[in-house]
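Take a look at these structures.
Across the two complexes that follow, subunit A remains constant while its partner is subunit B and subsequently subunit C.
== the complex of A and B ==
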């Protein structure tokens, strides 16, 4: 199995951007509304708490992977507990990444349909999205990592545009802090789960890392990057929209762009959403690779391209017959959140405890 | 190898064939983009829609096409619009949204604008303008010496609101003011004078549900913008100084100044089961017009408090007006929520009534910065 990982090393920076990309992706769009619904204008405090929790979870994941520097989690599980344990882990991860991928893709298709191409059928948008996905994902983690890095660099100007609505901002909305005490803020933390999903990519990516000793610092950096962007965008939405009004918008992060007026362009959100497709792709392109990596592992294959082809074609065909509605999308998100809570937060803790016990037993 | 090539080629062909046509294609020649739309009620209280669409054609003397129809809702009216215009109607470039006076007598018209926000392709930066009069008059006016109505109105509203003489309420802003419990909506107001001239007359204030409450003139609009902290330096105010004499028909007792620095501070407290607002206004201004003899060194100290007093009494009158009509266009509710959250929360659903019971303490500090090149 070792051969799979050589020649595909990714740098620490690519690793940071890969993780942040999977987290931010489509999840950021509705985050300010969800926080406002549960925690009001104090929702931004929930982000900071959520940041602490997901950083801890990421560090636990890295700690687990330190036991397996030369193989992914299925490799390790197969080595320690036997082949079937490895297969079970691979299956679980493949299913989870597939969920992540499907959620990202369907959300992107829905947003494209609402804002850009309302009359174009979903499956056509899906096929158009899948073509570049296949082209990038088939080359393995190094190219996917480079792609993420490139997209992050060319998106660096986006925050500047979000400063423009501050002209019409009302900082009074944020006062008083802790309006209703800590309880809504703590309830709001659960809204951070969905936007921080993606940390388990480490289970697969760890063996590809060039500098494994820096993995801990890298996951802290990626979580900080993610949460800083969430905090920035949430605060801007909160001071721009009235607290009574923000819950009216499904995706306040996009709607806020509509209020920007330039002399030379009307409806600035149109080029923006087209550009955002690249940001959204940071979810499904890595997830696509990760899914096929795990599914290929399951069948004992080292080349994941065959599965990638099957997955792309299956997704396209499935979209032709069935496109989730807004409501079903919501259900998918709920399932994904529950699934993610299990696999990204609870599973690593249990696994770490198991490893501790296992190591002690072996030593004695 | 041959098989793979064949497979790739067929995949490419399949993708090209299925995805090459763009379903949302619309040629510019087939589009008709109204730049303004208006809503009003007719004598039978039926909703009337008006739109004004520019016509790009050499041979047509009149540059715009006006459509008028009785409708049920805005989206439902699309068929009627398409039936009357040369192309497919697109609501993507509205510059202004006009609402007639009869419509403003009723609550709930803001809900009728739902399509503006729900259909993502519509613009939300269009200015909302109240028409003091019937909408049919302004829509079909078409004066020969003026640009197209939407362009004219948008330009007038932009320049007037830059000078704070009216508010600059976009559809987005109206949405905010409508949903925010601590503020009531205010929109620009225009009217047709002598059946030929369109002019901005100030600001229309609406109740929480959107019904017409009161109107403000230029000077009151400036003060409203000042209280909202939206007035920029450069706004100009004129006052008659009491005790100075008039000469014949001329108001030689007046004085104008341009504010250079405006600082508004609003403090909130809650005492004796009433909200208390301390409003501190600090204005440093240049005199731009003085009609009466005036000695800088001697009269400065006299004049400053007099002007401050005039400003104060006008602001107090304005606040009384708000309280009388049960409205809060300034957004005092935002301050109440930020600083007196517990008390505000009890009354937030009927904030405007709570405000009518509030006490305002206004203090104005006025400094003359410069008097211009003449003594």
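== the complex of A and C ==
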């Protein structure tokens, strides 16, 4: 399997942006509301706590992957515990990434449908999104990495726009900190889980890394980047909206743009959402690749293009027959959060413990 | 001109006859129905031997044949023995013993001297085909750069490049392409700078071409381009020697095709299509400004009509009220849907442009009048097209004119139509999908194996000095790393130290 990884190396920056892209993606839109619902205006503290936890989880994942510098996690599992363990891990990861992919895509379709194309059937929008997804994912991790990097650079101006609403802001909303104690802040941490999902991509991407020794620093950087963007957007929403008002908006990150007015353009959020499609694509394009990588591994194939085609067509057909409603989307999110909690936080800890025991037993 | 590649002939054994009548007969048999073949019998005064000079009229320089070949052979005595060296005042003389070589030499404009009783004949370089004078480049005029453009003769083009790089590290690999009429294709590169990987790839691809004749550089491109299905050009063809030389100095290869006035440069990246040689001859601040302008123009030319369609047919809520009223006034009279309106106008623009190119210059002006006044004014007054649409079309037209590379302009024209279709179907979403696909093309394409999106994707921060901006020349001491040159350093510290102002009382 080693051949698969050479010639597709990704740089540390690409790795950072890949991970951050999967994390931020669609989840950022509703994050301020959810935090406000559970933790009130102290929600930003939850982000920092969540950041510490997910950084720790990422470092654990990197620690695990240090045992397998030349292969992905399924490769390693197959080597240590036998072929079937490898297949089980590959299946689990494929399923998880598929979930992530489906969640990202359906959410994007829903937002597109609500804001931009109310009369277009969902499956048409889905097919439209799948075209560039297929085109980019078929080239493998290197091109996906380059894509993420480029999109991040292209999007660097977005934070500047979000500074405009600050002139109507009230920093008093944030005071006093911890007004209701630590309890709501800690419950708010669970809202951070869903927007932090995606670190597990390291299990697949690690062997592709050009500088594996920098992987630890890279995951810290990517988590910090994610945290910084969440903190930035959440704080702006908190100081702009009053603590009671914010929970009424479904996607405060979009609604806040309504306050921006230029003489030459009204309803600035419309072009913004269209542009956000590029940001959202940072979830489903890597997820698409990761899913097909794992599923191809499951069937022992090195070329993931066949699976990619099948997955794209299957997703399009599935959307034709079944489009999740808003409510169902929420359910999917809950399942994904539980699944993600298991696979991104608990599974790595267990695995690391297993590796520690395994290594000790082998030594003695 | 000697062409190294001639598989069939190199194995041939010497088959040249020694008797003049046999040779003449053979020549006449080979060149039937070729009235331009001249066979001149003569006797050589130097040695007293009988000889025949054959050449193709029109491909040879008459003056040179008369003065440098016929005159010395017939009128200058030498007293040499038969079979000794002949004195001809021609520079390049090659002895041949096989007919295939002789035919090739004749067809390439050499005159061939056969001497009675000798087993070899002599190809004399008397080339002189009809050729135009060196002119200003048509497609890439420049304000401050040189005013010499490439010609249709390969050797002259190589000379023009050598004038800029008089260095013995400038190497030339000569290949021949085409079975019926081999065109000599020369790859120019700097031995100690250019990465051999690109050179090898280029050479292999050119060697792999198996066609009758290559008429133009454009034909060669189609055979050696990395992805011929992509809309984006992956190699630059230039008609400026200074541009070619500057690219060679940056570690790229230039391909000179005989008979074609444009020279190929590779490997290139996407951003290279926004650079012009004038950038380096003007001050860096204005050059930077112009580059930004070109990039903006690229996006306007590609996206503006699509944006118009998307806004008017899907997202009119983003237009402020006052503007919406004006827009509604002019749109209200128009019977056509926005997409049809836009496509009609864009196609009109394309027709006008094409008409302007094909018509001879004196008639060409009428195109401007008909297009500008009749279509621009009348169509609006008649209520067929809205005012705003005419503005949009004019903007896209002008924007596409400032891009320095014709191939990229052509790509933009097609991309514009694709984006217009996407915008008419899906509004902004369609445009964004188009943008993502365009990004996919740029990041996934390769030019001779080098990533096309470099230095943006993969990011090479050091090369950004000469991408969006054109940094002052004395700050760019290294060659671009995107071409992975063997020799990184281009120049040392070249800027003088600023003198401190003398203190004056």
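The rule is simple: the second predicted complex is superposed on the first by the 364 of 364 C-alpha atoms of A that agree within 3 Å, B and C clash if a C-alpha of one lies under 4 Å from a C-alpha of the other, contacts with A are read in each partner's own complex, and residues count from 1 in each chain.
One rule holds for everything that comes next: a residue touches a chain if its C-beta (ideal position, glycine included) is under 8 Å from a C-beta of that chain, and two chains touch if they have at least 3 such contacts.
Everything numeric here is computed off the predicted structure, so don't read it as measured data.
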For A:176, decide between first (touching subunit B), second (touching subunit C), both and neither. first
In the overlaid three-chain picture, which partner chain does A:278 touch, first (subunit B) or second (subunit C), both, or neither? second
State whether A:143 touches subunit B only (first), subunit C only (second), both chains, or neither. second
Under the stated touch criterion, which partner chain does A:11 make contact with: subunit B (first), subunit C (second), both, or neither? second
Contacts of A:226 with subunit B and subunit C, given as first, second, both or neither: neither
Check whether A:202 is in contact with subunit B, with subunit C, with both or with neither, and answer first, second, both or neither. neither
After the superposition on A, what does A:323 contact: first (subunit B), second (subunit C), both or neither? neither
Applying the touch criterion given at the start, work out whether A:258 contacts subunit B, subunit C, both or neither, answering first, second, both or neither. first
With both complexes superposed on chain A, which partner does A:117 reach: first (subunit B), second (subunit C), both or neither? both
Overlap the subunit B and subunit C contact sets on subunit A and report the shared residues. 116-117, 120, 128, 131, 266-267
Subunit B-facing residues of subunit A, complex: 114-121, 124, 127-128, 131, 168, 170, 172-173, 175-176, 179, 241-245, 248, 258-259, 261, 266-267, 269
List of subunit A residues in touch with subunit C within their complex: 11, 13-14, 112, 116-117, 120, 125, 128-129, 131-132, 135-136, 139, 143, 146-147, 149-151, 153, 263-268, 270-271, 274-275, 277-278, 281
Interfacial residue positions of subunit C with respect to subunit A in the complex: 314-315, 317-321, 323, 426-433, 435-437, 439-440, 443-444, 451, 453, 456-459
What residues of subunit B sit close enough to touch subunit A in their complex? 15, 18-19, 22-24, 92-93, 117, 120-121, 123-125, 170, 172-173, 175-176, 179-181, 183, 334-335, 337-339, 341
